[in-house]
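Heads up, the next two complexes both have chain A, just with different partners, chain B and then chain C.
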Partner chain A sequence: MNILWIIPGVAVNAGLVLLVAPLCEGVLRKVTAVVQSRRGPPLCQPYFDLLKLLAKEDLESGEAPVVQRAAAYLSLATVVTVAGLVPMGLGIPMNGVGDVILLIYLLTFCGICTLLAGLAAGSTYSIIGISREMMTMIALEPLFAIALLIGVLHTQSFRLDAVLKGSVYSADGFPWSGVIMVGVMLLSFQAFVQRVPFDTSEAETELMEGPLMEYSGPKLALFKYAQMARLVIHSALFVALFVPWGSAFVFPVGWLLFWAKVGVLVLLVTLVAATHARYRIDQALHYFAGLLLVALAALVLAAYGY
Partner chain B sequence: MIAREKLNQLKEKFGPAIQRADLPGEDRLFVFVEPSALKEVCRFVFRDLDGRYITGIGADDRPFSGQFMVAHTFAFDREHLLCGILVFVPPDPPRVESISDAVPAANWAEREFRDLVGIEPVGHAHPKRLVLPDGWPEGAHPLRKDVPWNAVPEGFDDEREFDFDEPPEGCVVVPFGPFHPTLDEPAHFRLYVEGETVRGCEYRGFMVHRGIEKLAESVLTYNEIPVMAERICGICGCVHNVAYAQAVESAVGLRAPPRAEFLRTLMLELERLHSHLLWVGLACHIVGFDTLFMQSFRIREPVMWIAEKITGNRKTYGLCVVGGVHRDLTPELGAELRQVLDRLEAEWRAVTAAVLKDRNIQKRTCGIGVADRKLVKEAALIGPMARAAGVDIDCRRDHPYAAYDRVDFEVITAEDGDVWSRIVVRANEVFESIKIMRQCLEKMEDGPIQLSIQDELPAGRLGMSSVEAPRGEAHHFVITGENNRPRRWRVRAPTYQNLQAVPAMIKDQQLADMTISLASIDPCFSCTDRLETVDLNSGTTKVWSAEELSRLARWRT
Partner chain C sequence: MISPEKAVVAAILLCFAGAVLTLGIARLKTLAGWLAFAVTAATAGLIFAAVGRVLVAGPSPEPATFWAMPAIGFALRVHVDGLTAIFLLLAALVALPASLYSIAYMKHYGDYGVARYYPYFLLFLAAMYGLVSTTDMMWFFFIFWQMMTLTGYALIRFEKRKPENIRAANKYLMMMQIACAATMIGAELLAGAGTPANGGAALKYDFGTVSANLPLLLRARPGMTALAFGLFLVGFGIKMGMWPFGQVWLPDAHPAAPSPVSAMLSGVMIKTGVYGLLRYFLWLVPPVAQGDYPVRSWGLVVVLLGTLSLFTGTMQALSQEQTKRLLAFHSIGQIGYILLGTGVCMVMLPARGPDAAALATLGLFGALFHTLNHGLFKGLLFLNAGSMLHATGTQDLNKMGGLLKFMPLTAATTLVASFSISGVPLFNGFASKWCIYVAAVQGSRTAGYLAPCAVVAILTSALTLASFIKFFGVSFLSRRSPLVTAQAARRGKLDVDWRMQTPQVFLAALCLLLGLVPAIAFRFMQQAMNASRHGLGAVFADAAPALNPPWTGLRALEGRALFVPGALAAVVLVAFLGARALSRLGGARRRAVAPWLCGYVRESACHHYVAHHFYGEIKRCFRWLGGAPQRPRTGSKKT
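Up next is the complex of A and B:
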């Protein structure tokens, strides 16, 4: 792909994610409200929330204000960069620039930003929050890496455009490894997007938002924005990796189909979050450990061509 | 007669140490004992006779007998008897033997009369301040009769911080409160945490002690106190309102007319409905299950509306006066109440079915915050805490008051004593409340709702009343007095006992379980003390002191 295409391509993808993310959050809130017999906020409330936060006074607080500020910027910047590596219904703008390994690193970096944020706040609650975040990350990231690796094994390529095209299934059907991995990723999806029952690191009623407790105003807006964007990006990744069908149709049809699938995933996340209680961190880790074992088995199967 | 029987048992065992006894009825017993025998008598009552400790009361009786007085009250639940063990304590300085190593549940009560009345419990294992702040000077005891109600002693340091105990080695202190999203009211727990495991904790509360008892003893009159009593709690205020009125009635031998008794029962149960629905909602919120939280509150709302229609307020019903109630229930409102109950029952069945089958909630609450039978006995736990551990006590049945002797209901119990059992108990108690209210509406006959009291109430009589609040037994102890007000009025809210068990309940648990364990006692502390304002133009901040706030409040009214 021509270098000249990279910049507008990334701009389109990043713009799309930033534009759609608050809407997805709005849908999530609205559907939650309906489940809870409430009227709920208007669909575009998250946009207003972000604008309001952005317009507020930018206070310095916590133990290391510089780190705290950097963490907020990095968090959103990472998410925007990832947007360039993920197909948003069309091609992957930064296809030639990075590969699957870079994608894994960047997604891990989102967690690192939360870690920095918590460390900078320096309060007991935020420290507990990041220790939970780290435990969750250590258990979760391998799951995602294994899913991508299975794709790599099937396609014999680390290229993003090759892997992020339903590669967990091989060209000639549905191997066991791919099918198992779909199940594993579905069961852990709530954790990737940090929603109930796996929002242990922020658990408002236990840790008062954990790592984010010292954040306010514009910096909080950036973090919240990054969180909303994560929901979209992870949904897009999931769709690209596991539900590729229909994306090959001509421009508007395939593209619309892609976003429809992302929308369905957001609804699924909402419904699961609205009907579950939060797991305790040890219970969550047990759960992830079980999934990890299954995923490892799938990886072995994939290595032997199943 | 059971009161006589217990008295004989005491006389047989302690002989001359029993000075005199007062048996105002078959369900009340007051025994005056020698100060030197207090501990042994209490031990005998608590251990051998298996009495349940209720509370300890210290009183300044110097203007009348020249001495101080200490009372420890016990309940014999199966025998339907409330019993007070009293001693007179000579002044200069007033000292009484501590009973808390024989009766651990007396821990706080003794620390409280040490703070407020200045009676030293000799031999108390941990005589740290409980109610008074650490900035309060030594030797100033607000509940003494020679201290005016609004006195601030010389040398009071408003800004002084609490002295805390040292945490055990290897533990990090995690402060929990005074302000935390799951605490509605200020209370401070210092959790000693190792990794994610809680190893112990220290509790400091009473940050907003309002001195209601002192006000009642020095400023208010008999029929103003119920209004004040109701403001002790924002959730179960009616309980205190009724308990106070009943305590005075029991002291002077009055009995409210039958219709008033039914109305009291009705409103108490209405209050239990709203409180239990609120609690189940909050418990779900705390474990992150917001959908059930919202649904509980939706179902609860009609209860608040009907309460407003009956009393003029969603909460704070202003129901009782001594000898009756203020407001009657019209037949129309009765019919509307029935409809509310019908709908509530149907909707609550759906919610309980969902909650009791939810494995997710069970996972977060089974085996968590366990208070077993032993802890229930030692800390004298009450209400759903005791019933969830299989201890079958309920003041409505055991010490019947109002019209509870004329309605049928079951006392719900569970076995495991964990948070889950408390959820099950509370969820099912809602149905019993509905049952009681329906019977009240059916059996209530027309008639007067107040006694007309012409004469002055006699002074120096002792009265007590236990009322089953949604969170456990609320106990009021009254010594009647002169000038149309009691000499001493002691309130023991249910959380006072239940909170003392929290350190034992959360020990060696995950930190994440702290909030739901604490919430499972349905704690009820007290409200607001101070606030800070920021002047946006100059950027200066100003902290409003309690004194300035109260001046502001008085100016506004």
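Up next is the complex of A and C:
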């Protein structure tokens, strides 16, 4: 792909994500409300929230406002960049920029910006949240890495367009490693998108938003926007990696099907979130450790061609 | 233009002269410091010239002999080939900032004189130049090794009034002597059993002679050669801080030394172990002997030791609360990455298959690149820790906080180094880890155990990030601690002066440069491999990844793995500016306010969440790994 097309391509992908993300959040809130027998806000409420936050006063309570600002900008910027590395129903604009390993690292880096922001704010609650969030990330990063590396082992290629095409299944059927990995990823998906029961780092009832507690106004809008976008990006990644069927149809059909699958995944996340209670951090870590062992076994199977 | 060998010997002699001179004027601390810097800069100039010449014009055909006593096989033969050039360059690149940094740093030691600092520093440097360029496996190896060990010992116990420093230095000395003995016994086993081929007894211990005898020896006495190589692995493993040896000496020795010396110890000295490992295991064995040389099994051992080192070292680092001790444990962890790359290279070397040679080269490049990167960012981190120590008078992370406002430049360089060591994309650590991961994952088609090792390495990378988020966060961000407030009130300004800032900026700039244009390092390593075609090392020159213009980034496996930092940087920059513009759309005004603590209590020092409390759940799970510090003497007990 021509190098000049990268930035417009990323803009298209990121634009799509940023456009859809608040809607997904709206769906999430509405469905949660319905499940809990409430009426819930209108579907468009997250758009209004973001707009309102952008105009609100920007309170800075930390001792390092420069870092706070940079972290806020960077958190949205990394999400936008990651959007360019993931197929949003079409091609991957940054296919020629990096491979699977870059994707693994950038996904982790998305979270780091929030951590820096919380540290710069310096409130005790934020830092407790950071400590928890980092521990969750330590446990989650290898899970995602294993899912992608299984794809790499099956396709013998690190390229994103080769791996993000249902590569956990090989061409001639369903190898054990891929099937196990689908299960593992489904069981840990809530954590990747930071929703109940794994939102221990924000835990409104005990930590009051954790890392973001000192933020308001435009910075909070950016962090919130990035978080909404992460739900969409992770869902898209999941669909691209594990539910590839139908994406090969001609443009509007395959594309619509892709987004339909993303929508179903968002609904699933919502239902799980609305019906579960939050885990304590140590319970969550034990849960992830168990999944990690299973995933490692799947990786070994993949390395030996199963 | 002098030959590279002469340049290296001249650099060593210059260091000797410098040592004598600085000893003479040691009363004048600043002048002695500038003199030591001038000498280091001159030797660095000589080294750069030698390295440049080797890379451009190729190495000299034969090692140069400077001094020989044929009766006992005693000969100072020096040869600068590509492999040596890489380590020479690393030594010069780290020594240069470290010596400049020393000038101002050594002043804060008050009544400790510099007569026991600069001379040793220069001899230490000379020994490292010598150790990586001599071809003598016995006498001069011993001489340079001891020179490095003893001067290192003196530098570690520089603050001799603290008993823990003496203990650390003694431990270091003992471990290095064991390593020396192991390596020399190994050399004797290889050299003593063979019949001197061409050079007679005079060159009994020369690389050339041993290498020529090795095919016969490998076939005739496989058990004994295996023992010899095992001893090399132990010897160099101790030196480089490999698990389980590293945990014995390294975390005590690094924090005890003055910070610029810690930078040299961690950045360069432990890398001589990596050099030894590569030189003895790969470059010493001629290709004809490959059938009898179980390189794949050695590779398995190195991969496993590397994986253990990187996981245990980093996991133990996670629970550290002293700046330099934390960094020292990370040295073990990062050495693990280097070992993993080397091990992948050794596993893939004898494999058949289209990509085997390319993967072996990629693994080796990853290891060498990481060696270079680790020298830069760990050197930088130790200098940062030194600046923090200089400003606050403590190494205790629990007592720091909010330093960013007082030392912004140090904070910026620390952030660069922290991101580099954690392998954040666009920083140099990512590029080298990328090579290692690609080689290990792709290599698992040949050896299935490589894939889990790669995942452990990726997991460890997240652990490293966690550790450095803590390191950077609790010292520079967070809230101003009482100690920092007190120091700032007492001293007016906390930031270090320009002689300490320049080295930090220099190293941070190198980290950024290699992160944004890693192809420079690739081109350098490829030239270096071209210039060291002997033994099994000859494979790497031909199988090196295809070279592109530097701005097109890294490619491996015919483009099936790629990384273009330039384009990534452009995308991130545009996105960053976009996000900034978006945040200003609403015209929101900024206002600085007091932090909010649920509205009913004012924040005070006892509410601070200090380094000790971080990652409690993970630390508890891995307490059995050991290395945990004692409970902090002060600081809040609340959770």
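Just so it is clear, the second predicted complex is superposed on the first by the 305 of 306 C-alpha atoms of A that agree within 3 Å, B and C clash if a C-alpha of one lies under 4 Å from a C-alpha of the other, contacts with A are read in each partner's own complex, and residues count from 1 in each chain.
Keep in mind that, in the parts below, a contact is a pair of C-beta atoms (placed from the backbone, for glycine too) under 8 Å apart; a residue touches a chain by one contact, two chains touch by 3 or more.
Here the structure is a predicted model, which means the values were calculated and not measured.
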Legend entry - chain B versus chain C as contact partner of A:230, first or second or both or neither: neither
Inset, instruction - Have a look at where A:35 lands relative to chain B and chain C in the superposition and call it first, second, both or neither. - result: first
Inset, instruction - Quick one: classify A:274 as touching chain B (first), chain C (second), both or neither. - result: first
Inset, instruction - Identify the partner contact of A:197: answer first if only chain B is touched, second if only chain C is, both if each is, neither if none is. - result: first
Inset, instruction - Quick one: classify A:128 as touching chain B (first), chain C (second), both or neither. - result: both
Inset, instruction - Could you look at A:55 and tell me whether it touches chain B, chain C, both or neither (first, second, both, neither)? - result: second
Inset, instruction - Would you sort A:165 into first (chain B), second (chain C), both or neither based on which partner it touches? - result: neither
Legend entry - Of chain C and chain B, partner touching more chain A residues: C
Inset, instruction - Would you check which partner chain A:146 touches, where first means chain B only, second means chain C only, and both and neither mean what they say? - result: second
Inset, instruction - May I ask you to decide whether A:282 touches chain B, chain C, both, or neither, giving the answer as first, second, both or neither? - result: both
Inset, instruction - Touching chain B in one complex and chain C in the other: list those residues of chain A. - result: 124, 128, 131, 208, 281-282
Legend entry - chain A partner contacts - residues on chain C that touch it in the complex: 401-402, 404-405, 423-425, 430, 434, 437-438, 441-442, 444-445, 448-452, 454-455, 458-459, 461-463, 465-466, 469, 472-474, 476-480, 557, 559-564, 567-568, 570-572, 574-576, 578-580, 582-598, 603, 607-609, 613-618, 621
Legend entry - Residues of chain B defined as touching chain A within the complex: 172-175, 180-182, 196, 284-291, 293-295, 298, 358, 360-361, 363-364, 510-515
Inset, instruction - State the interface residues of chain A toward chain C in the complex, per the touch definition above. - result: 3, 6-7, 10, 14, 51, 53-65, 67, 72-78, 80-81, 84, 94, 96-99, 101-102, 104-106, 108-109, 112, 115-116, 119-124, 127-128, 130-131, 134-135, 137-138, 141-142, 145-146, 149, 152-153, 156-159, 162, 208, 213-214, 217-219, 221-222, 281-282, 285, 289, 296, 299-300, 302-304
Inset, instruction - Would you tell me which residues of chain A are touching chain B in their complex? - result: 32, 35-38, 124-125, 128, 131, 196-197, 199-200, 203-206, 208, 274-283
